[in-house]
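The first chain written gets the first letter, and so on, giving A, B, C, D and E; residue counts start at 1 in each chain.
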């Protein structure tokens, strides 16, 4: 047993428990509770530096827990995401009627689930970590129980999440039942024998359905817009970044560590799903006016782009996916931060609320613009190089396999990008040249918000302009998959 | 650091600096922008002048600089010039300076405007200077996005929004198609490098399969074609230019648009020769769509900017024709028009911008007789219009005639029809516009219009016009630089096997075979040639076979031992 | 014919199908939730039968986890439904359409 | 054939039929649309499934099934139903298209799954089952190999607990 | 041998003047004018010096700078110096100089005086460039520059709508000719691989059949250029409208520059024109001569009459070229330059005196008040009519003689008849405008023009008288048919009679007939008696045989129609339908797709399950 590998998770869980108990123990005044969040952020930051700055790879618990470059990549990702989301939650705290400290601690617990997911190396861990994330998110989504749509979003996420869990569980049952293996590495050794076993394939399919739900891939994307819209903004951000990334890390492990042979046979399925997801997300976003819902659709589209890296079935594709996720993290969090601040007193979150933002708060206006530009995949922001890598991977695979499907997929992605420009620029247009701007009062920004916004901007630029570091990390991580 | 880095780095640095300048320091903002572009234009002129004497690297590029960026993918920051882009960079820098000078018409949100303008200038200059496919594309995109925002925020006309979105989506589509093509090229080559010289060298030794070429070439052709408003993918152009603020139109129509053509010549032709073969015939016919069809459409325009926009689209046809002819003369001519049209388009849009700024309309029916009131602007507009219909003395003429000569041997019929477009249709809409805008009685409401009064206001127009004159009168300044490199491109594009060892050696081989030369001397040289000041120090290096011809003093008492080609 | 793995799996599949049908046919949130429990139970049945016929106890461990998770999920879900009911006075899915398109 | 040989089969068919029948009645009771009825039939389903578990020699799980599911979960359901004072589900107009489409898609899934089952025949060529799902063996596994998921589940339960409290607290601070 | 520089200096002096005026002296009227006049007069003097030093066939025939070299395309900027170009140099600078000086007086009141001289100098530069060009591209460059200078000058009074229109028309019609010209150039280059006249000539001399089957086509395409520039049928319509420019401009266009360029170019490239092409050229020329003469008979605007007479005379010249007679053509071009400049300047003088009245039926009895104008105009009329011993007689007769010697009697008769018509309409003009009774108040109060206008008239009149016998013809002959013996002055005086007496007699008979007819009809006429006598023909003549209307209805209509169709296609099919469909389709699919997001959980669950079912079907269902 090599439990020391898990020190990060233990620390994070401890942090969650401390956060939960702190409020009971000290009975903090409401305005002081944000210090708990800052404490959490500081702890996570310290963990990011100390624990992940110098990590050791290895496996623990009979191989069910694995600490490799991929896990580390994702753990860093989740920590950064959680820190930014915590900043956002502090900003959001006045809109959460009850139990803000619980909100922080739930974020930390969700984070712990994601960390486990990053290291999960068998189906049991996969199941429990995914359930930990999902159940936490049920609560986080419906946290604003004074608002109907928050509850409604919670219920929708609950029912559909449970439905997908049922598929996942049934799938795991079938996969395990046919192969007798839960561990991914052991499964990889025997999976080739079961290539024609339909029950096994059915099980794999059901597992993929469960994971597809997490990443909001077509045809399991249907929940995303409603939940994104209804959930409290920090939850939405965490959902868009963390939960999606957790889905992807598990998807990568299942497809490329456990079932590499099956994945090869399902290239066409992945291509089709990726393409349709891109198109669906972008097309539906076109007429959308609600900003959070718009980002919901856009996150579907981005799941599609990310799936390009899965469909490419190559290390460069997976590396591109990881790289893209890294850029996506800062971009999406930046966008939600702006929404969180700007939409403070608005319930409908309509795009028109951004009108005149460039006068009300130039920093936020620039942030939102850069986020949209990055989402649209325009240089020099992170999204550009990410899409560049994804497309490269897809075309590369097309060239190697002589599979024209890959070229079609590249074209679909291209069409999607062009469509997406329309609504992303619509947002920018609303910021800079709305005809009527009713409210021109300046928006006060707290220091932490400014800080986190600047971090996001720096992240977007850094990843876009100096891709080497992240790209090398991503490549290393992707290589871990097929070891 | 290469001078090229400074040329495109200055505007970018200035853009970053502007972010820090408070927005009410308008004069300082303007000054920074103008100064940055001025420096970069001056450096570009210096680079252009020093081109001939600059050392060449093994691939034939000068002023080279290379820094690794993402080594695992073979991406590096690599800039350099050869004959194909030296003129474009010069043109781009001058146009950028002129655009910055013309930006006085922008009155609101100046800070943002100048930032975007500088980013756009820097981006496009960088794209032209870049010898790495990734940066080539990256910097172009970087320059493209400000265009959209500028049209959206500072544009004019009731169809502004529609125009903004159309140009955004259309150009992004084109750019992305080209990106897919470039990526496919990168992937298929197997060279694992985005470095253009490396890739070229690699592909020359290991050509792509015909299948791959046939797949990639159309992607590049239509991707780049959309960026250049190749018919029938042109409709974004007139509308976009009609709605854009004039500095944006100047930079986009003048400089940015040339990116696609440059890409076709630099990448698509030499690297995908077999893919290109089949498409050239089609391209030649498509270019007629630009020349004739758009020419006719331009005849119907009622808005001056739309007319200029359409004529700019029409001019692209000649460049495509030159490319389609796939021979040295045609490609050189195409390169030449790219430069010439850059100046011309910038000049035209600057002028229409001035008129719009003063009158508030560009409806041709509302204008008239402006030559009386706007002496300077009117005269320059007249000259621009004349340059637009291919008048000798302006650079466009040289390019167009060269293209016709190049294309004639390949596509006589298309050339004939294109001639009709160049000589007749162009003349018809240009003279009609002059007749209705500059000539005729001056409506009373324009009696108080003010002409460009001081030198500063006149400078951008004069500069652009002077550039047109200089290259129109002394085309060898440019052609001597272009020709050796165009020769390489054409040789690769036609699949001719040539020893590539050293550029210099190659030029001797490909230069002018002895049997081309009629050594009959028609003129005795009464002046000591060595004493007269050489006008150019360009490609005519002494060791070339054509070294005996040196263009002499511009007092036009040029005397040289002449070689006459009678191929 | 002797009752074997296929029989159990058939029952499991059918139960799963019944759950699915319930989820998509019933309009009461609680009943939908019960149908979901049916689906989880179907998975449990499959696991247990695989476990038995493969001589592998790991499946039963999974069942253990599933039951636990399901219990937790039910708790959270029901709390949520209660909260919603308080707000909306309805447990009908058709009344939960304030977010759409 | 001795009764002891066929008794498990008879019991299987009995429990299986009971399970499915009650399952049907949970989902689609032609006589009652009251959620309480559904809940009661769910209890029956779960109990008969526990019977199947016993047939599969998973005695511990059979017990857990009855205690946790029938005892806790369903009671929870009933509590909530009572708490909310749910009326019988109103007979809103059934959308024919929706119903047919739902039936068809579920039917497709079922047909494909069952066909897959028949094609794969996972039960063929297996050695005779000997496994006993005893508490001892399970406990061994759970606290050695599966201790990590077990701990994660404990956090999950903690989260669920907190969540439930937060969601159902009466007053909003 | 510094004189080698002189041709370059002569060529570029006017350009420098134009540039200097535009850039620096626009505000200083007199300086501008003096710059311009100085440039051209200096050019004239330098030409004389050069010819004096080097003779008509300088030893170094070309002076070259490379302008452009791209692979097989080699374009020089060179000067071709031979009798043809040197003589033209003299004519352009000489006649042009006289016109420049005249303009100083004529334009004195105009507000854009400086601009006028800048344009004039540009025009002179362009024409000199055509004259001196040694290759096709250089020729074409200046060809185009002449076009644009004429555009600027015709549209000089751009505020007048008619001037703007006329300038536009001149430019476009010229461009039509240039279209063919450039095609011809391309064809010649494509076949022969060179653009240099000398090289081309050597090649053709070495192998006359080198052009092969394309020879006629290429020749006729090149001829198109001349058709446009020299205003031959069917592109003659721009020239009369060009009258909208100031009168000195008309003089410059009609006499020394522009229209002469076409004929000059044909002579320059004569070696490229084969027999078939020449035949066509001759008939086009003849037809133009007749057509223009007929139209001139019924015009009332003094400048228009002169304009049609120019057309007619140009027809002669082109006909002569077509009859393989470049010498007579250039000879006539030279003498015509003298007397046509004279006539236009005289007409300008009248118009100036009449305060911009151009209708001859509003003039009359000018001989007393404007003696210089009267007498010089009379000389011009006589010369144009071909009355011996004026210059026009010699040149016109040499053309008729050429027709006879070629045995082309049809064209001979046509030429003689046109000579008669020429005499008729010129004397009609003369009788109505200068003799008879003053027909308006204005005509009674005219004054002679100032000396700066009168002296050019006198000088030109002298040349109009003696132009036929000062050796012009011999100079040209030395170029085109070297080896012929030079004639003495006495021989050249009676040359027509000795060469082809029959031609002279027939020609003179027609001329006399024309003169007497005009005298009979118009000596005292107050209005034109001809329309009643000729009826419909006169109307047709008056309306220029409806060519403008014809072109309006065909060429312009067709272009506008095509433009309208294209615009419609662009607006509705490309922009509207294609882009609209894509745009609308995208938008619609977006709106349609999101309809599934009903907000109803049950629908969502159903779609989820449906998705699973579909995926299962595709993965496992087969």
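Please note the rule applied: a contact is a pair of C-beta atoms (placed from the backbone, for glycine too) under 8 Å apart; a residue touches a chain by one contact, two chains touch by 3 or more.
A quick note: this is a predicted structure, and the numbers were derived from the prediction, not measured.
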| item | value |
| --- | --- |
| Smallest number of contact steps required from chain C to reach chain D | 1 |
| Steps needed, at fewest, to go from chain A to chain C via touching chains | 1 |
| Most distant chain from chain B by Cα centroid | D |
| Chain whose average C-alpha position is farthest from chain E's own | D |
| By mean Cα position, the chain sitting nearest the middle | B |
| Rounded Å distance, chain B centre to chain D centre (Cα mean) | 72 |
| Rounded Å distance, chain B centre to chain E centre (Cα mean) | 35 |
| Centroid spacing, where centroids are CA-atom means, of chain B and chain C in whole angstrom | 66 |
| Distance from the mean Cα position of chain E to that of chain A, given in whole angstrom | 77 |
| Overlap residues in chain C, where contacts from two or more other chains coincide | 9, 16, 19-20, 23-24, 27, 29, 32-33, 49-50, 54, 56, 58, 61, 65, 69, 72-73, 76, 80-81, 83, 94, 96, 98-100 |
| For chain D, residues that touch 2 or more chains besides their own | 102, 105-106, 109, 112-113, 116-117, 122, 145-146, 149, 153, 156, 159-160, 163, 167 |
| Per-residue multi-chain contacts in chain B, two or more chains | none |
| Listing of all chain pairs that touch each other, if any do | A-B, A-C, A-D, A-E, B-E, C-D, C-E, D-E |
| Complex contacts: residues of chain A adjacent to chain B | 373, 378-380, 384, 388, 391-392, 395-396, 398-399, 407, 410-411, 414-415, 417-419, 421-422, 425, 428-429, 432-433, 467-468, 471-472, 475 |
| Parts of chain B lying in touch with chain E, wherever the complex brings them together | 166, 232, 234-235, 239, 293-294, 296-297, 299-300, 327-329, 332-333, 369, 371-372, 386, 389-393, 397-398, 401-402, 404-406, 408-409, 412, 415-416, 419-420, 423-425, 427-428, 431-432, 434-435, 438-442, 475-476, 479-480, 483, 487, 516, 518, 522-524, 526, 546, 549, 551-552, 555-560, 562-567 |
| Contact set on chain C toward chain E in their complex | 20, 23-24, 27, 29, 32, 93-94, 96-101 |
| Touching residues (chain side chain C, partner chain A) in the complex | 9, 16, 19, 23, 29, 32-33, 36, 39-40, 42-43, 46-47, 49-50, 54, 56, 58-59, 61-62, 65-66, 69, 72-73, 76-77, 80-81, 83-84, 87-88, 96, 98-100 |
| Complex interface listing, chain D residues touching chain E | 98, 101-102, 105-106, 108-109, 112-113, 116 |
